[in-house]
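Have a look at this one.
A, B and C are the chain letters, set down in written order, and residue numbers restart from 1 in every chain.
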Amino acid sequence: MAVLEQGQVVPEPQVGFLVIAKRVVRNYWLLRILRALFTVWLVATLTFFLIRLMPGNPVEVYVQNLVTQQGVPYPQALQLAASLYNINLDEPLWQQYFSYMGAMVHGDMGTSIIQQGVPVMQIVLTFLPWTLFSVGLGLIISFLLGMLLGIFAAYRRESVFDHFVTNFSSLLHAIPNYIIAILILVYAGVQWHIIDITAMRGTLSPGVQPSLSLGFVKDALYHAALPIATYVITTIGGWILAMRASTESTLGEDYVTVAKARGLRERRIALAYVGRNAALPLFTQLTLSLAFAVGGSILIETIFVYQGLGLTLQNSINQRDYPVMQGILVIITAVVVFANLIADVLYGFIDPRVRVQGKE
Amino acid sequence: MSIPATETGLRETPERETVLAVKDLEVGYLAKRGIVHAVRGVTFDLKEGETVALIGESGSGKTTLGLALVRLLPGSARVTNGEILFYTESGEEIPVTKLNDEQLRRFRWQECAMVFQSALNALNPVMRIRDHFKDTWKAHVRANGSKGDASERNVTARAMEALRLVQLDAERVMRAFPHELSGGMRQRVMIALGLLLRPRVLILDEPTTALDVITQRAIIEVIRDLRKKLSFSMIFISHDLSLAAELADRVVTMYAGRVVEIADIKDAFYHPRHPYTVGLLRSVPTLVGDRQELASIPGSPPDMIDLPSGCKFHPRCPYATDKCRMEEPPLIEVGPGRGSACWHWEKVGADWEAGTNE
Amino acid sequence: MAVAASAPTRALGIVGGVLVWCGTTIRIMARNKAGFIGFIIVAVMTIEAFIAPIFINFNTAADVNAIYQGPSLHHLLGTDSEGRDVFTQILVGGQDILEVGYLASAFGTFLAILLGILSAYAGGWLDTFLTWVADVFLTLPTFAIYAVIAGTVHLNSNVALAILIAVFSWAGLMRAIRSQVLSLRERDFIEAARALDLSLPHIIFKELAPNMAPYIAIHFVIGITAAMYAEVGLLLLGIVPLSGQNWGVMLNFAWTRGAIFYSGSLSYILSPMAVIVIFQLALIVWTRSLSEVFDPRLRRGA
């Protein structure tokens, strides 16, 4: 370095600086992964004790039903319950807990009560892709479109477009997603007959097999259209408002003024200077939005009869199929948590400052 | 009103061309209480290779004037009168206030670059320094092919050269993100970026205020060094007379949006003819020789919406008379190439000379 | 004597003070028209929801001659699948929903304040741990968890449901309060209070609480909307026991009894959805004006 300024901490290239940076980053990611695992563990533990310990818990009820209603001898009933829930009821509770967790680590979550003998994992893996597809696509569309409209609104502040978009966004933001879903059904389906809601049910039309063909993609999109539309409509308002506010404050940043002084083209400034920086805080909100949308998929999929994990969860709750409920909840949590982890990694690529310091 | 520079012959070197001429410029901000008269009828010019320092307290209109020169005023500001004329190397006259958006965009940075006081936040935090240079280059070079080609290698070479000129480790800085650089380094990068397109004029708006004293020194040294190596004209905006003394050829003192004194750097320091300049000098410790007592100017800058009558400085001026309270003085020619907007400039000058000769 | 005489006077003074405070607050709120309308709607609907069940005795008897009638003078919002008046159901059906909404938000807010202040004041490993747990709770797919818990354990009271919702909805506010306390702690007046050796409760209730009131109030109102979302969702899915009459149960019936797919039942489906949306919108519009009430700087600017 040609000039060293005193009183300034100038990171030395290569030697100390990089090593420390790497260590911090590694530590940061280690922490994030630990937290992700902790979250999944928490939910798995919660469901175990919920099913095993609560008064009138499903295992007890199941055993009692077998004994009193079907005349099954108590030890045999216990054994049946044990095989179903993947736990050995003779062991002390803590041992049951550890073998339950151990099995789960190996991907074994017991078998379904209703579909006798079908492993929970198999059920989860059958329906998970559809939920990931619909929720994921819905959120991505909403996020991108919302950011675009938000930037436009901020650039045309106080215009008719801005007023319309912000008011409409506030309105959409205040309406629960299941109400939007029901309104779509009632108006588009029943009152105006725009769409054939019965044909759109399920994840694929009869006879269509998953393949890499255009026909399959089209059919999958056709069936997912209503859930996706609902996710977009209910989340886009939030993105627009957030992006508008973020853009407004970014427009006041010095580097934007300087970019203008540098004679950059307006479009280049809007994209690389305003847009990119304004989008940063929204990425952290993506986390919350994802958890919310996945949690809410149970409502949306039930209303549209879209055979994803949410509808399967609702059915298992109605049928008191506890192992399936348990398995789906743990997997949903794992998906949300690891999607967040991926989002964090991606965030690190978009915001160089995170690579060194971690997020807070 | 103000005397046009040409009439007073403010500079005795007629062979030097004028690069920038500001004529009777007025800028107002629309505020809730009324109009803020930030710049009121300012006239001055800048010659080729010359450095003019714009001096004044905060609120004197010097930053507004700087922003107006490249038309970067905020939305609430309006240029209500006057013109800004810029002359290119080929002698072409550019009326800055009348440019359309695309002409303005090309004019900025290519003819007139500006380094801002907010050194810490002037660079896009998510872009490497290298990309800042590329962006700037691409925005201008493609627009008119005359200044060179836009090839990657060419940009890098020019950027590295500019970075070396401001005494930075070019290789490393090019790769860095803004947050990896210290405040002083970032300000050097901004200066290098300003020189990338070899503009005729560089405006420096308090380039060192956000930095600590030692870094300030280093930056000033860099600028002095650049002035020796490259031929560009410079407008140096500062509230600090001592910094101006190190860089400027001429000092334009501003008060309440108006030019109150124009003088060569030596005259401004050793023979001031305006009580406000005198006040500023008295508040600077080192440069006034052995003068012991250090006095700050009594009172505070005027309310820019509801300005006082007559001379705007009269409420704080020891020389104020009824005439000052009634009538605003024009920029009076008080010597070859210099002007003072004071009714009592002769008395001020006499008192000053008497004081320093004691 | 002196004490006896001063007690009523003091009580009067306090009542007067409260009245003046209420008056000022309402006057400030009235300046923001939309916000004030929101506040009025929230207040009227809340009072109505809790008073209506006392006076209106909902007739549960079915009337087969009046199934899914449109709006008329006799039935302002038409009738349901059993020919019962929809308007009456809307009037009496708010109590459960609002009760759970207010309670859940109150519990959650309380938990958030407690943990937030504890975390900020304790510092060290407890602070690290609590913020960590808060981050974990922020990423949970809460609605799915509510559904599974409510599907496993029988939640037959509004309080139980409110507690369930509250347990999973404190994290956001807790983090906001924690950082507020941390930043307020740095400010001069807290320093001064500490230099004067004032007690911790004094600092918390006299110095910190007034400064955090805006955050808490706004989060409380937003908490109501979140709790209502969860509660009505659970009712819609039929996961919590469908006892009594409320807007959520109406939605569930509309769904399970096929009213959604019957074009003649529009007013029955739209009515509960409309009141829910109106209430939620009113709450949100009101919160916007709340920040103005609490922030004198915003007040003057407007």
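Here is the rule we go by: a residue touches a chain if its C-beta (ideal position, glycine included) is under 8 Å from a C-beta of that chain, and two chains touch if they have at least 3 such contacts.
Just so it is clear, the model here is predicted, and its values are computed rather than measured.
> Can you check which chain pair, A-C or A-B, has more C-beta pairs in contact?
A-C
> Going by C-alpha centroids, which chain is farthest from chain C? Tell me that one.
B
> Would you mind checking which chain's mean C-alpha position lies nearest the centre of all protein C-alpha atoms?
A
> Centre to centre, by mean C-alpha position, how many angstrom separate chain B and chain C?
The mean C-alpha positions of chain B and chain C differ by 57 Å.
> Report the inter-centroid distance (CA atoms only) between chain A and chain C in whole Å.
Averaging C-alpha atoms per chain gives centres 25 Å apart.
> Averaged over CA atoms, how far is the centre of chain A from the centre of chain B? Could you give it in whole Å?
The answer is 54 Å.
> Show the residues in chain B shared as contacts by 2 or more other chains, in ascending order.
Within chain B, no residue touches at least two other chains.
> Can you list the chain C residues in contact with two or more other chains?
In chain C, no residue touches at least two other chains, as defined above.
> Can you list the chain B residues touching chain A in their complex?
Listed in rising order, the residues of chain B that touch chain A are 70, 72, 101, 105-110, 113-114, 116, 118, 121-127, 135-136, 139-140, 164, 167-169, 172, 177, 179-180, 182-185, 190, 193, 212, 214-215, 218.
> Okay, in this complex, where on chain C does chain A touch?
Listed in rising order, the residues of chain C that touch chain A are 132, 135-136, 138-145, 147-149, 151-154, 225, 228-229, 232-233, 236-239, 251, 254-255, 260-263, 266, 269-270, 273, 276-277, 280-281, 283-285.
> For a test of understanding, state which residues of chain A touch chain B in their complex under the given definition.
Going by the criterion above, the answer is residues 1-3, 5-11, 13, 253-255, 257-266, 268, 272-273, 276-277, 280, 350-353, 356.
> Where on chain A does chain C make contact in their complex?
Spelled out, the residues of chain A in touch with chain C are 35, 38-39, 42-43, 46-47, 50-51, 54, 56-58, 170-171, 173-176, 178-179, 182-183, 185-186, 189-191, 197, 287-288, 291-292, 294-299, 302-303, 310, 313-314, 317-318, 320, 322, 325-326, 328-329, 332-333, 336-337, 340.
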